[in-house]
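What follows is a pair of complexes built around subunit A, which joins subunit B in one and subunit C in the other.
Here is the complex of A and B:
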């Protein structure tokens, strides 16, 4: 109805559509840059208010949202190219601020984790509280390979993802005997077991964790060295910035392709009604286990990058709380919406850092902000959309 | 219609018994369903009608007896594989995928006729996409043939549909699996007379387009039972009371008693 009208309007005026795409993307980038760089807590609050106001506007004037959406759908190639250019150029406008770059890296790793969990929580409504554990398994698997066998980062990366996937299957299979809250309990238990094992096993280094994970190298360039591009020197974090940006890109491609496929549809079907899904010929058990495996696979990747980025890991990096945070990112960002999940991950990673001025009260402010945003947009920042075929 | 005395049996049940602990929900029920036939199933609440459907579709495994589709035993075959073999159903309380579009509901019905898995979706996208778009095109045609009104609403979330359209969509979704046997669980429940008439016309149209499709309809609406099925089976307390054309069935006193209640029969007799 209104949607097609708007796309028709956007089609009749391609310049306006392209301008919309450019303005929205640049505004987003500028907003993120300012948010990363400012120190003064009053300015942080100001930016959050602007963000809140934008959400109110989107909620109150649905036609505006629809118009932006139509513009992006119509000029998807422009949006993609500009988006990539912004991501590539972003480290150059951060004034060499290593802390801002570090936050970007962590946010992107969490974005990958949130996208991973979104396959389960968003697409299939499986409350998995063990994404943090899969993240940890990936990190430990790759770190152990590197420390004990001198395996390079590039080999450890896929191997760790496979190890995490195997654990994902191991968790998925017993979980299939339960559902809803009981399923959540099984995954919580799995997360606790993994944490306890990492804490108590000899070869994982116990509570001290693993230290001295070697810095990755690519074509003789060490990721510990500053990155020089076009004569511009970027801090060493930029290496990992580009690496995790690539991982986010891969995750988005995975997420989009799966969402727009028969698999995504099957997940959506069992999310709404398991019995009805079975009666359409969907092997519900298999698709649930598959969701666990895909989640663990991507989380394993993120874990490896984290381990090699930070250089040392301990069980406390992968607690139950990490899983809960990832879950909040998916819920607050918007279930089954890729953009929403990524925005949720950035917001929830950056907020506590930016609210440091409130010291002891920062978690309180963090909670209040998330609740406020959810009150404005109860379905998450960017709710799920219906699929379209062909047109 | 295509039904004739020589039509082969598609689906049959033998000595079907279902016990839940001490409760016997179904005792030694036998039935046959021929190709192109419409079988009505009536009986008071708790007579075992839905239990029978759940046994046939693999949701329950019968305590004894067996179900055969074209001679092949179905006991113990998981529900999702039974769909692939050619038995589709609708539900009494409609169970649509409410947050997906009308079209997607039917596309999901094509699940057993499509193959793409995780690997195809990610690394062989062209193939997976072509397959899904073919399924979507098939679904559009199917929607159009079941109901034009439904087809016009194909991009709306299924949860927003009116009651009558929800039933139609459930039938379309079930038909998308290309079934040999279609089981309808109280398709007219919650509908007024006008909607029920429209539904009956739709079901007739569906059958006319698919002369080989066999139908089993659980129903309470006597107008529908009187006119649509070729044959009616009566269940009561998990047992088969009678089986035959509606004209014969309605005359049996035990049927009147089971169906209309003892009091009504007494009044009718008095």
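Here is the complex of A and C:
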């Protein structure tokens, strides 16, 4: 049966379609909640097996996958509203577990970083090993503004993003003439230079980093205080939970619009064949530099939120390994698939935290994951979808 | 003053030789495979740990021996094993990426380097801590009024010998000509009854073994073996190869001397230079790539339609 027939069937039966959307989204939310709350590593492995089985089922039974996809396409508004409701309500079902909430915040920040890198690695196949550096530039820029000039979080946020973007442009300049391995070296070199400068300069606090970054406030409500909604008291992490959820939402909208636009198409053309893209009149250089700037822009945002959330940053939060971690998320999740990248970010942030018994092997695990995915499943867990305009 | 200056020059050439041993491996592998073997630095720096393992096993097996001969034997064994590990990595991982986009091989070998480092950390006893690594030779030689450490002389002499042997091998032996043929055109080489797979393995062995010499010298120079040495050394070796122009052997040597020169100069002249040295080195790398994207000695490939 073809996909259009399926969509036709789903369309003819709106109730079934809606039910599919609701069931899938709720199942995802329940899964994430259980994953966050369980402690025993054997149960974590069990949940992972369930997740893997679901993926295999989707892969083996394409009609099921097509049905889910058609349902989401048909009831996209319902999916969006329900998704928002789930995200808004999620902190209430975590039983006030601050650690679980903290993990959510960190996962979402990594999701933003992975989405940022996805523009380059996924869409345009530019190996950028400097996302961690852009993240650090955002964090340091906003923290320095807040500490030295008393600038509020809400002003520091866009300013830091702009600063990171400027550095992204600078990093993009060598990409006009270099590519592949050479370009990768430039980005690695950039990351190392930034890290060493942060580590040695006087005003960045050296290896000790910056301490005592003030807690943001909004309408007189300090983000350090517990959040009270409808008489329900949520731990203070909930403030940052909603803030980073908003950032993830913005990033998704951003990523979707770019993916479906001429820019996204141009990046994909670049990835497939740079020479052919050039022949089609695509300004290859400009799109490459743009990919660097977009990456740095989003990473700057994430960095700012991280700095104000944790209140303390040091150069070691922004090393080469952070960049490699983000890269692992994109590769494992699925290049150029927004859902995949986000799932990758959550999985790879939560797994090492949940499998604490093996925490010493975390970096080894990331390395093996990258190699395994590149060898066995280079398209990632969720491969790129064909663009579907107009439905 | 002149003595200090002479010391710095000697430092520069010693360090340059060590970097060159690693950089030629990058360049050789790139020339033949057309992909970056990013974990080459990590492979090279396995050698000191292998040597330490061999020394301790030999010591426990044979009891007390003439220490120098055991040491040299251990180094040779470490070099051979490192070469074989290079071949093994090719067979298990890198081989799969022959036809994939260059980016995939690059990311995979970056990850492979991380895996190698972590394996040392976890498998070697007390792998996270630095381990003392002996100097190859102690003592000084008097040249006129200047005292020259024998170690530097040995490093420079061995490096020159190894590089000369590599050039001889590439230019005048059957294997070398086969390597060159495969690097120029893999399919044409196959038509000339050259088995590219065999050549790839041979190249991996040669490059990794030369890298191992560099790795042993580096640990000996630093006086210790650390699992995370390979981050800096691998990056610098790769940078040297890129600055010189990937695929060009003389380029790799020039690049190494250039980077080692800047490194030594910064440490000697700039206040607090030791902590900033990588900043200068990598700014040089970025600068060279901006103005000469194919490196100093590399051929610029112009793609036009």
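In this text, the second predicted complex is superposed on the first by the 368 of 391 C-alpha atoms of A that agree within 3 Å, B and C clash if a C-alpha of one lies under 4 Å from a C-alpha of the other, contacts with A are read in each partner's own complex, and residues count from 1 in each chain.
Everything below uses one rule, namely that a contact is a pair of C-beta atoms (placed from the backbone, for glycine too) under 8 Å apart; a residue touches a chain by one contact, two chains touch by 3 or more.
Given the structure is predicted, the values throughout are model-derived calculations rather than measurements.
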item: Touched partner set for A:236, first subunit B, second subunit C, both or neither; value: neither
item: Partner chain in contact with A:275 - subunit B first, subunit C second, else both or neither; value: both
item: Between subunit B and subunit C, more extensive residue contact with subunit A; value: C
item: Which of subunit B and subunit C A:368 touches, first, second, both or neither; value: second
item: Which of subunit B and subunit C A:178 touches, first, second, both or neither; value: second
item: First (subunit B), second (subunit C), both or neither touched by A:283; value: first
item: Subunit B versus subunit C as contact partner of A:196, first or second or both or neither; value: second
item: Touched partner set for A:254, first subunit B, second subunit C, both or neither; value: first
item: Contacts of A:25 with subunit B and subunit C, given as first, second, both or neither; value: neither
item: Subunit B and subunit C contact sites that coincide on subunit A, given as residue numbers; value: 275, 278-279
item: Complex contacts: residues of subunit B adjacent to subunit A; value: 57, 59, 78-81, 83-84, 88-89, 91, 95-101, 103-104, 107-109, 111-112, 114-118, 120-122, 125, 128-129, 131-133, 135-137, 155, 157, 173, 177
item: Residues of subunit A defined as touching subunit C within the complex; value: 121, 125-127, 129, 173-174, 177-178, 180-182, 184-186, 188-190, 192-193, 196-197, 199-200, 275, 278-279, 320-321, 324, 327-328, 331, 360-361, 363-364, 366-368, 370-371, 374-375, 378
item: Touching residues (chain side subunit A, partner subunit B) in the complex; value: 253-254, 257-258, 260-266, 268-269, 272-273, 275-284, 290, 294, 384, 386-390
item: Subunit A-facing residues of subunit C, complex; value: 30, 35-36, 93, 96-97, 100-104, 106-108, 110-112, 114-115, 118-119, 122, 231, 235, 238-239, 242, 246, 272, 275-276, 278-279, 282-283, 285-286, 289-290, 293-294, 303, 305
